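The two complexes that follow have chain A in common; it is paired with chain B in the first and with chain C in the second.
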Partner chain A sequence: MPDVSSAVRDMHRMEALARSNTGVHRLHPVTKLLTVLMFLIAALSFERHAFGRLLPLFLFPVLTAALADLPWKPFLKRLLFVEPFVIGIGILNPLFDQVPVPFAGFEAARGWFTFLSLFLKTTLTVLAALQLIACTGMERLLAGLHAMGLPRVLVLQVSLTYRYLTVLAEEAGRLLTAYSLRAPGQKGIRFSAWGSLAGMLLLRSFDRAQRIHHAMQLRGYDGHVPLPPGTMPGMADAVWFFGWSCWFALVRFVDLPLWLGRLMTGG
Partner chain B sequence: MSHHRLEAIHLKYAYPDGHEALHDVSFEATHGECVGIIGANGAGKSTLLMLLMGLLHPGAGTVRIGEVELTRKTLPDIRKRVGMVFQNPDDQLFMPTVGEDAAFGPRNAGLSESEVQEKVTAALSRVGILHLRDRAPFKLSGGEKHAAAIASVLAMDPDILVLDEPTAGLDPRARRRVMGLLESFSHTRLITGHDLDMILALCPRVVILREGRVAADGPSSTLLADSELMEACGLEVPLSLQPCAKCGYVGHRKCQVDMPQTGGSPCESR
Partner chain C sequence: MHMADALISPAVGGIMWAVSAGFTGYSVRKLTKDPDEGIVPLMGVMGAFVFAAQMINFTIPGTGSSGHIGGGMLLSALLGPVGGFLTLASVLLIQALFFGDGGLLAYGCNLANMGIFTSFVIYPLVWRRIMKKGVTAKRIWWGSVLSVVAALQLGAFSVVLETFASGRTELPFSAFVVLMQPIHLAIGVVEGLVTAAVLTFVWQARPELIEPNRAHLQAGVSLRKVLVVMGIAVVLTGGALSLFASSFPDGLEWSMFGVMGEEEITAAGTVHSTFSDIQEKTAVLPDYTFKVPDGATELTETAALAGTSVSGLVGGAMTLVLAGLIGFAVTRFRKRETHA
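This part shows the complex of A and B:
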């Protein structure tokens, strides 16, 4: 039976991480958004078999995690959810693309390199996105997107969806617990109970969402979520953005692993 | 004219399915008064609160706050003056931190950020949870959640507080703490609940609802001690007004009957 409560706990843990007060957390959300955007552009712009050249990009998530004091375990756990899909998509590449490519004194099918490249790109992009949320927080991230010109109505949609996601997950958790307590030894949910469980989940979520909406209305909510106050970007923001942008450009346009290899072997 | 007065005049309400929840409910709470609203399940307490807060609109009758009648036009202004604390604080605390939640109302009111932070600090200090400002609501204990929910309403500087079962689900110590907090407020307060000892301790006056009508309105010490009335309204006389099982005394004192085996004293333990 899926452990919904652990999913809710994971969401709450991400929010808790976002409330730390490290230098990375204090950066302006727009700075962090733009930096991650540059990172994604750099990572995704590599040729489909250039897996070795992607490796220097790992400096970004590694340094971000160190500076923002982020633990690795929850991120790697989440990566595990995504990677099977990528493996499913890319695992056939070595069969379809068998053009031999020399590598470290051996020859391997080009499909292996495209597969590894796809795997690394997914790891890098998912890690960067998760770290962005974990060191910024959804509210500030949305405020940043709004500052970058995202229409308020879309910001509101995402903000409320994010809030209600927890509500839905909590209700689902309660229903599943109640079900499993009265269906000992049963794996999963019996097909005949799906309809009533889904219907009940919908009705209960509506009910709870309405109470939350009432609480918001009573405190002056009129369709506009007050976003947290914005701060002006400072020198640290400029250093963060331009420093990383230069590194991404260097990694993208100079074959650093090759250069490093030549330097070490004197070739 | 006082903004602290709340008046329900001949309120009627029927739900869309035809169920008539309230028939002709009238009462008034004056400046600084603390009024308990009690009744059995289904008596109409929740519907009455929703009508008072403008979350439902009455089929007939009016709600007046001060001299202002509650209409769709006056609703935003009235909601600044009347704050409601929900029975389940999880429904009320929807922002990521306690501080952000308390800031939600003042920010909606369009206050500057420095004013918002002042209000938040004052409200959290008032209920004694300033140290929880950056904590996530879901990580708080039941008593702390209730305090945070009260602070989120206090941050809006309301004249009138409406509290729906404020001690529901709390352990004895947290219950006592919330009661102490509510007792210290000078706002006009409407408190609903099934915890009749709490109602008796906090509210000098009580309005008893029965099947959508006001069955009685008067001093708590008299009405709550009237076992016939309470029975007829589907309620029970609060424990503290029931006679001691051993010596028959009503009230708090050392029991006149010795209970050496247990060391207990029904009068005091009540």
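This part shows the complex of A and C:
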């Protein structure tokens, strides 16, 4: 997990990106979610040594970024935080699969291709998830999912967590700043303060939850919260979903890079 | 312990989605029946609390390192298994969407590894049994450490099983188990101690907040029934999805074999030879191939599959360049349109 201030900053940035008004932003949230799911299924269905065949799938995040005016820097920065776990597991593959494979004139252990495949799949899948929220926004995504039948209580739960997340993250940040000012040079919270520091944050959160509940009751909350009505998908949604699905199917069943390479090299 | 999308296959991801959806449905049904309306706003804020608390580093005495709070056990201890599970579900969803921690297809895996085991296995079997005779500080410490360690061990083992079943890494089962379990034992002890410290503080300040006082959440739908239904769902879904997963890519070849009598179409005729000639003429690097070592047919086949042949490499690089160029062209076009 990132530190408190950068996490809050990242969330605000995502929300700001989601407020744009490009054609991709205007698509129905469920259309975008289903398209991303198709993308994930296509990317993850490739066997473990495949890496060249995954490359045409990059067209999806590249075009989405271009059409939705999404910057690359914050997404690539987030990738740097996520990749180490997969790299940690992936880097062991060359040790366990040392079958030599000819590669550009020399031989490499087949495990390296598994590693490359894992790296590319992580890059593709993380980009797709982050771009989905950056061109949709949490509230719109939840409203769309509710229209598709996601239980109201779940929508409400995620929505409330999301709304109070930045508030509590900022409160945790203030607590940590106060602690560090009284304990300079300490990297973390010392053992004797474990319970009291996080416990105080928890008790404050509980009290906040109670105040919120009372405020909701005063506004007529009876266990049901009205949600904005969902919109219906249009022609653009159909084009987006079916167009990309066809591309994913083509990439999945035809080795496009090899075909292109043969066309160029005559090999 | 967030499972990344890259480590799983669609079949395993789909099965775990189905399992998690079942437990989510069960929890929603139980919560909807519950008369305590205040639980939902409480869950919302508690989800945000766990998210914020996970960013706090707790220094481990005697070492230079630090640990974090887990969240799953803490939520179950405060909100009950159903409330805790749904709260963790929302936290995991936000982490996957905003921070790339755990994937969307792997969401079901993560919910099972961190939520189902904690709330529906460890909570009733460990935590509740320890707290049965009444809550004391000593029981909170033992209960927290044992519960978190057991939950993390189950979760880590589940990560290994899901990864192994997906077949996306070369790591042998035993090596992966040896790698995962001891690490998560150490993490579990630290997370358990942090959870215990927080719960003890809360219990001393506000004893009514510790979950046994919200015992009404336990009544309602029988968990055994749900587990039986889920078991059947897993078998059915798993069977259907694995059939799809195993037969679909190869099924194309299989059907080709049925139709053509061969697994690949062998090209012949004047049309093919004409296009072959065009290809030869348009090729930037005609007939540029590396020599294949004697007896290396199988390896070359693997290399071609992996996209390591020269054609594959050139084509792969060109694909990336093309994708980048298309993106660049669209961006430029859109900017020009905006300025116009």
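Basically, the second predicted complex is superposed on the first by the 251 of 267 C-alpha atoms of A that agree within 3 Å, B and C clash if a C-alpha of one lies under 4 Å from a C-alpha of the other, contacts with A are read in each partner's own complex, and residues count from 1 in each chain.
In this section, contacts are C-beta pairs under 8 Å (C-beta built on N, C-alpha and C of every residue); 3 or more make two chains touch, one makes a residue touch a chain.
These numbers were taken from a predicted model, which means no experiment stands behind them.
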Touched partner set for A:R163, first chain B, second chain C, both or neither: both
Which superposed partner A:R219 touches (first chain B, second chain C, both, neither): first
Which of chain B and chain C A:G137 touches, first, second, both or neither: first
When both partners are placed on the shared chain, which of chain B and chain C touches more of chain A: C
First (chain B), second (chain C), both or neither touched by A:A16: first
Partner chain in contact with A:R208 - chain B first, chain C second, else both or neither: both
Common ground on chain A, meaning residues reached by chain C in one complex and by chain B in the other: 138, 163, 208, 212, 216, 221-222
Sites on chain A touched by chain B in the complex: 12, 15-16, 18-19, 137-139, 163, 208, 211-212, 214-222, 224, 226, 228-229
In the complex with chain A, residue positions of chain C that touch it: 2, 4-10, 13, 24-25, 28, 31-32, 37-38, 40-49, 51-59, 61, 66, 68-69, 86-87, 89-91, 93-101, 103-105, 163, 167-172, 175, 179, 193-194, 197-198, 200-202, 205-206, 209, 245, 248-249, 252, 279-280, 282-290, 292-293, 296, 299-300, 302-316, 318-320, 322-324, 326-328, 330-331, 334
Partner chain A, residues of chain B touching it in the complex: 50, 53, 55, 76, 79-80, 83-84, 86, 88, 91-92, 94-97, 100, 103-105, 107-109, 113, 134, 136, 138-139, 152-153, 156
